[in-house]
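Both complexes below contain subunit A, partnered by subunit B and then by subunit C.
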Partner chain A sequence: MKTKTLDENLHLESIEQPGSGSKLLALLSFFALIFAAIPFFYLIKGAFSGELDLIKTVLLREKSLEIFATTIALMSCVSVVSTLLGVSLAWCLHNVNLRSNSLLAALVILPIAIPSYVYTYSWMSIIPNLQGFAAAVFILILTTTPYITLAALAALRRSDRAQLEVAQTLGLNKWRSFYFITWPQIRNTVSAGTLLVALYVLSDFGAVSLLGVDTFTRAIENLYRGSFDRGAAAILALVLVAISAILITIESNTRQRSKVISTSSKLMPSIAESNSGRSRFLASLLIGLYLIFALITPLLQLLLRFISALPSIDYGNLFRTALSTIFASLLGSIIALLLALPVGLLSSQASRIGSLTDKSLLIVHALPGIVMGLSLVAIGSELPIVYQTVALLAFSYALLFMAKAVGFVRTSFLRVPKNLMEISSTLNQSKAQSIRRVMIPLATPGLLTATLLVFLSAMKELPATLMLRPTGFETLATEMWSATAILQFNEAAPYALLLVLIAAIPAFLINRPDKSEESGVNIS
Partner chain B sequence: MTSLEINDLSVDLNSRRVLKNLNLQIPSGSFAAILGPSGCGKTTLLRSIAGLITPSGGAIRFGKQLVSVSSLVLPPHKRNIGYVPQEGGLFPHLSVAENVSFSLARKISDQEKNQIVNEMLELVGMKGFNDRSPQELSGGQQTRIALARALAMKPAMVLLDEPFAALDQALRVDISEEVVALLKKSGTTSIMVTHDREDALVSADVIALMHGGTVVQSGTPAQVYLNPISAEVALSTGDIDVIPAIKLANSQYSTALNEVNFNLANQPAANLGQILIRPEEIAISDEVTAGAVTAKITKINYYGHDALFELKVGQSLQSIRARITGPSQYRVGDTVSISHNGPIRWISSEAQELNL
Partner chain C sequence: MGDATVPRAPFRKNLAATVIAILLGATLSGCASSDQEQSLTIYSGRSESFIAPFFKEFTAQSGIELKIRYGDSSALAAQILEEGENSPADLFISQDAGSLGAVSVSGLFSQLESSLLDRVETKFRSSNNDWVGLTGRARVFAYAPDRVSKLPTSYQSLIENQYKGKVGIAPTNASFQAFVTTLIQYQGLAAAEIWLQKMVENDVKLYEKNSQIVSAIDSGAIDLGLVNHYYLWEVSESLNRQINVQNGFFEAGDLGNLINISGAAILNQSTNKSAASELIKYLLSDSAQLNFVADTHEHSVVLVDARPEGLPSFAEIKAPAVDLSRLSDISQTQKLLIKLGLI
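Up next, the complex of A and B:
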């Protein structure tokens, strides 16, 4: 910080201009970015370590093009249907008075706790010959729809009802009101949710592997397992990263163009408004069908299998595995939060460095678990001290899900009214003191949500866990996977059920409506 | 307690010049009001004084201390100023006592902190509210706690940014009287930003009138009210009638009305301008004598304690307003005689161009 002394012997300092941020935060963010760049470095190194002809051979072989087409088709089908279904569910939950809207919303979001491989396992238990592309589309729609519903519901809760009412008084019917008024208000959030779904499908490993669909992740796994030369796997992984980067760029550009500005100083919150019998019937039917396919059937199947497996359950192993899962996921979520804090803080201050780091992290977020596993295995081969340690596994979780944490951290900091920081600075508090005494306490609920989100994602993570776990260290996901792989569905049930039950806790907590907006005090 | 001196202050926000070569002096221990319409730069001026934004030019001094010169500024936490924003701005995660003691140094013992908190709460009439959370307080109580928080640090200056704007009318009058009395009693130099002219006239020792990003006139409430330098300045402190006029000689004016004459003399025009008249300086009477200026009542705005009459003078198109206190027997359509009982405020066209 520049300091000059004037004739009155008073030190005047150049205060930080908006966008400059502090040097310490920038430095910490830079470290976070360096950590995030490690997988890319090893991927590029792996891809270009062999002969250049290998790249050409891998990329242009017929099988690769087939994999590319299958991956894109799967991603497109799932993204479109999930978006339509997710927005419809959110609209029903928000606009139709179903008497127990809050409970239904919690239930509709709950499948977020069920990983795709658990869905596949459940449905394969019911339909043993469930295989192929259509099955993968079905399973992945069930898995990813809650991401859209969650996003759309949050956006609908924030939307301005006054605008909708004015539009209706100006003669627009409900459909046109939705298209012209509501949709522009929720479009950005929904498109972010769709991006999340697309990235989820690109990186999914469990469902496509069990259902025998050749996508990039399955091909990478096969190349990784079946060959000592891992260059080909790295080349395919880079293609996957490139597709993800393109998707993120498209979504980011669309978002900037469709920025909607509210002209109201205070938003009038929306409330459930439709009470007609027809609306209720249709909404109940849609929500009921979704819950039957996405929640009740799989849970019932898990429960039945669990009961069948009761006599043979190794409770000691089940308990140990649960503890291992919680320990590794918790460690990963804490590392992710520590890395995300400076980035989120910096990007919330409209800092260019923060914004750049934030966007770069999104690319890391797009890295499938299998790719992260691949690159960290490469690191492990050069750093034996970390190879096959829980620390490396937790670090992979942190890197994989740090972008999610950054998003929540940034939003939490942005929601702290700027004037409270200014008031704090006029009350003899330096910027660091104001961050410690005002910003962090007020952002704590959001920071906890960020930690829970990473914890939830880490618990469900399979491919990176399979590759990076220390020998003898099993998580609920890997135990379930091992049993399913040899078609021992009953043995897999206790691990799958416990995984879903533990994951349901953070999933439920994440979905709580934000109470801060309802508090009586005016803090802005 | 300190004085404030601002010289040639300029502030640019988003490539737009918000404050333009602004000059202002506030004496030590006085209560000053910065008055002006929305968007004139009042809050920007207050935030510049607080150190929350960096000026692009000019200097700010607290007493002899230079706290801002050009783009070099002393950070807000080193200025020892108390800041009371709109609606209080209490920290929602802290109790009332924790809010009030927020600025107190860590080296102060808990016992001393409690003592200061209790003194401050007693000062603002909120004794016993220590453990309440801000959510449990009404708007007026939040403002009082915000003031206690600002005063707890024994500031050299207190800055208030429209602190009563969010309160309803009845509460606003009570709270503003209490707060102003407290600040005057404490002897702390205080600067309040407001767009409410009554708030400013009633509370302040010094009023600075802002227009277009600069202070156009400052002085005691009586000075700025009675001797405005332009029609706009006059309007910002109260109702005003602006009558086009021609200055003939010293104390000799011919108004454009032809009928309301001030020492009318049949001489060539010296220069053009306006005469500013406060409505309470116009008296009306139902005794229409020969030679008196007559006017027809076109509208009556009744306020209870007084009424504002709109009158059309003679056969001209010029209208004029008169404030009549107490009950009156007049009705719309009545013809009355009018007379002017006040100072003549002459604003020449040249001066007006310069001032505005």
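Up next, the complex of A and C:
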């Protein structure tokens, strides 16, 4: 027994051969992938089980071309503007010395807690005739910008300031030094953020539905709601999946492998010491305007509606609904983390299977919630024991948002210094032991962030929840939605407000600049 | 094996495992305890605001707990069809006869007791005796009285140029689909397709719900819309003010004046059929029927003389003679709507 272990360890130390730990990881990732494949399986089954004639009818009608054009246009407009806005906001927060940068950063990220349908609801109760494409662009920019800001801010905090200062000493102006020095260091993170935004727009249902914009998700939802034949919707969903797959491929091909080598032994303080009054004014203006549209106005509106609803609030139901929401989302985020751990770990080790799994999971992220819901309904009727249980709902959350967790898991593991792992293996630790004792503890803050991100998304999830929740089980999102659906804007307010308040907690936590993250960069 | 060589890192695995165990335990026990005997699971295509007060009253009277899943009638019908014999639903309440008919055709409903069937006029129940109407409603055109100078006399009038871009419909809505099914059944598929095609060419506006059509008329986005009669009150009550919308009827016998029902059926696999029958019996009782008339402004399918305030009785509406049991082929209707890009 003892000799065998020694042999194993010796075997592990030879770097060329993947060890038993890697095999286990690959196996676990494979399981995660199988789970992620479930919705696709039912989607394909649904699309081709009906009449083949239907496929032609659905794809070859004029309407489908309109849907395609609208979806692509919406996605492009939102992605471009959100990226510009998000990076600008992050740059201002990072580089301009404002009165309280960390508080402002927290506020700028806070809209991440506000789902698109809450934005739409609150702006519609200000502008009753808010409808159409431009409105959807506006709402979705508000909704998605924090994802870019968050990514860009994190990347800026990690970026090497010394190089920037050298460049500026050598006479590069601000724009050129941003372009030549900072941008290469943050572009991979930002482009990953842009991809997330594009996928968000592709799978968003709440805003486009309320604003009457015919994108793929709305068309799919309408077909699901308005037709017994799920084949038609499944066909459109497959087209949507194809678009997402193309996007993911493009993004990963444009991603540059350029590794920026950090030369400074110590990171510089994050905020430049001196700024001109003009840049301070412009930065404040940008941040202020953004906060007015994305945070202050909608929250004020929610608050006003809440106050008018005060006499008629059913507090018991509000409390019950909040508990249900937290419970289901928490369960979902834990399952997501468990599924994401092996995948993230594997892909952080530059394994081909890992990155393949990683990409497949991103495609799952672009599946609209309604498609996930219906595919799991299809399993549910075969497996009555899990059908309409919180467990199945949580599982759907895990599948929907696992991709988000994987990204965070991967980067957290990537930031664990390699030399610590090497030291661990020289101390006679097997690879699995090293992962358990060295990598995971060091990556814990990142893993928590990943879990929080899933929790946050799950709380806001609507269409899959509507399909999969146990009968009589309401979340804040579904209660808000059913009140809005019958125009009871005041009745919807308490649920919307509580949803935003609860979601704000993880949103705050996610944004906390993470000390260990920086130290990780330092050591490597 | 080498445990002493590396000190244990502060690792949260145990904590996480405990949390998961608690959550899973709670979930499972939640599932187990929900499996009580005296409870009914209802799929309701009627919205909560209309029917929840009746359910509450029933629970108070009978002690039978209700678990209710609200949704669109056709989506819930599709869900029942997909779930088949495994459906957890005991009872399906639909906002139109077509969704009931579609499930009835697949044989998933059980026969109703004759005491229930006999309460309701023959034309408001299934010819297979497996669903029964609960309330009656008329298709109308809702319109803004100050903006529509010439009222349409037939649903056919809506393709005229004077209504271009001013009419709203809700093609995913079960009641609209029942109307199109009526066109197909009584005028033929080709005629129905031509009418819909001309509506599209006349720039008809699409909405998801009847209530959205009524509020779009109120806000001035459109002038007319094809809806069920009672949405006027629903929108007005939820906005808590008078709205600038009225109901209009087409000329006598026009298919646009279709009278439809909201109805109920018991599923075959229900293990609690007697409780489900109790609920239907309650909803068909004189007192519940009078409450429907007074509160949701619908017509009674039992007390023919009772009618909502300010509305013509069924006899006065001069509805077309349509056999509601013939409206079960919704799939054909939906295929047509898909082909024309309406859904």
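Couple of notes before you dig in:
Everything that follows uses one rule, which is that the second predicted complex is superposed on the first by the 478 of 524 C-alpha atoms of A that agree within 3 Å, B and C clash if a C-alpha of one lies under 4 Å from a C-alpha of the other, contacts with A are read in each partner's own complex, and residues count from 1 in each chain.
Simple rule for what comes next: contacts are C-beta pairs under 8 Å (C-beta built on N, C-alpha and C of every residue); 3 or more make two chains touch, one makes a residue touch a chain.
What you are looking at is a predicted structure, and each value in this text was computed from that prediction instead of being measured.
With both structures placed on the common chain, the touch criterion links A:Ser209 to subunit C but leaves subunit B unconnected. In the superposed model, A:Arg230 lies in contact with subunit C only, and not with subunit B. When both complexes are overlaid on chain A, the residue A:Pro441 reaches subunit B and subunit C alike. By the touch criterion stated above, A:Ala485 is placed in contact with subunit C alone, subunit B being left untouched. In the superposed model, A:Thr389 makes contact with subunit C only, not with subunit B. Of the two partners subunit B and subunit C, more residues of subunit A are touched by C. Residue contacts after overlaying the shared chain place A:Leu427 against subunit B and subunit C alike.
In the superposed model, A:Asn419 makes contact with subunit B only, not with subunit C. Comparing the two interfaces of subunit A, the one with subunit B and the one with subunit C have residues 424, 427-429, 433, 437-438, 441 in common. The part of subunit B that touches subunit A in the complex is made up of residues 47, 50-52, 54, 64-69, 71-77, 79-83, 85, 87-93, 102-103, 105, 133-137, 139, 142, 149-150, 153, 159, 166.
Those residues of subunit A whose C-beta lies close enough to touch subunit C in the complex are 5, 54, 57-58, 61-64, 66, 128-129, 131, 209, 212, 222-230, 232, 327, 330-331, 334, 377-378, 380-382, 384, 387-391, 394, 424, 427-429, 433, 436-438, 440-441, 444, 466, 470-472, 482, 485-488. By the touch criterion given at the top, residues 1-2, 5-6, 8-13, 16, 19-20, 23-24, 26-28, 30-31, 34, 41-43, 47-49, 67-72, 74-75, 77-79, 81-84, 86-88, 102, 171-173, 177, 206-209, 211, 215, 219-221, 234-235, 238-239, 330-331, 334-335, 337-341, 343 of subunit C touch subunit A in their complex.
Those residues of subunit A that touch subunit B in the shared complex are 4, 6-8, 10-15, 17, 417, 419-420, 422-430, 433, 437-438, 441-442, 519-524.
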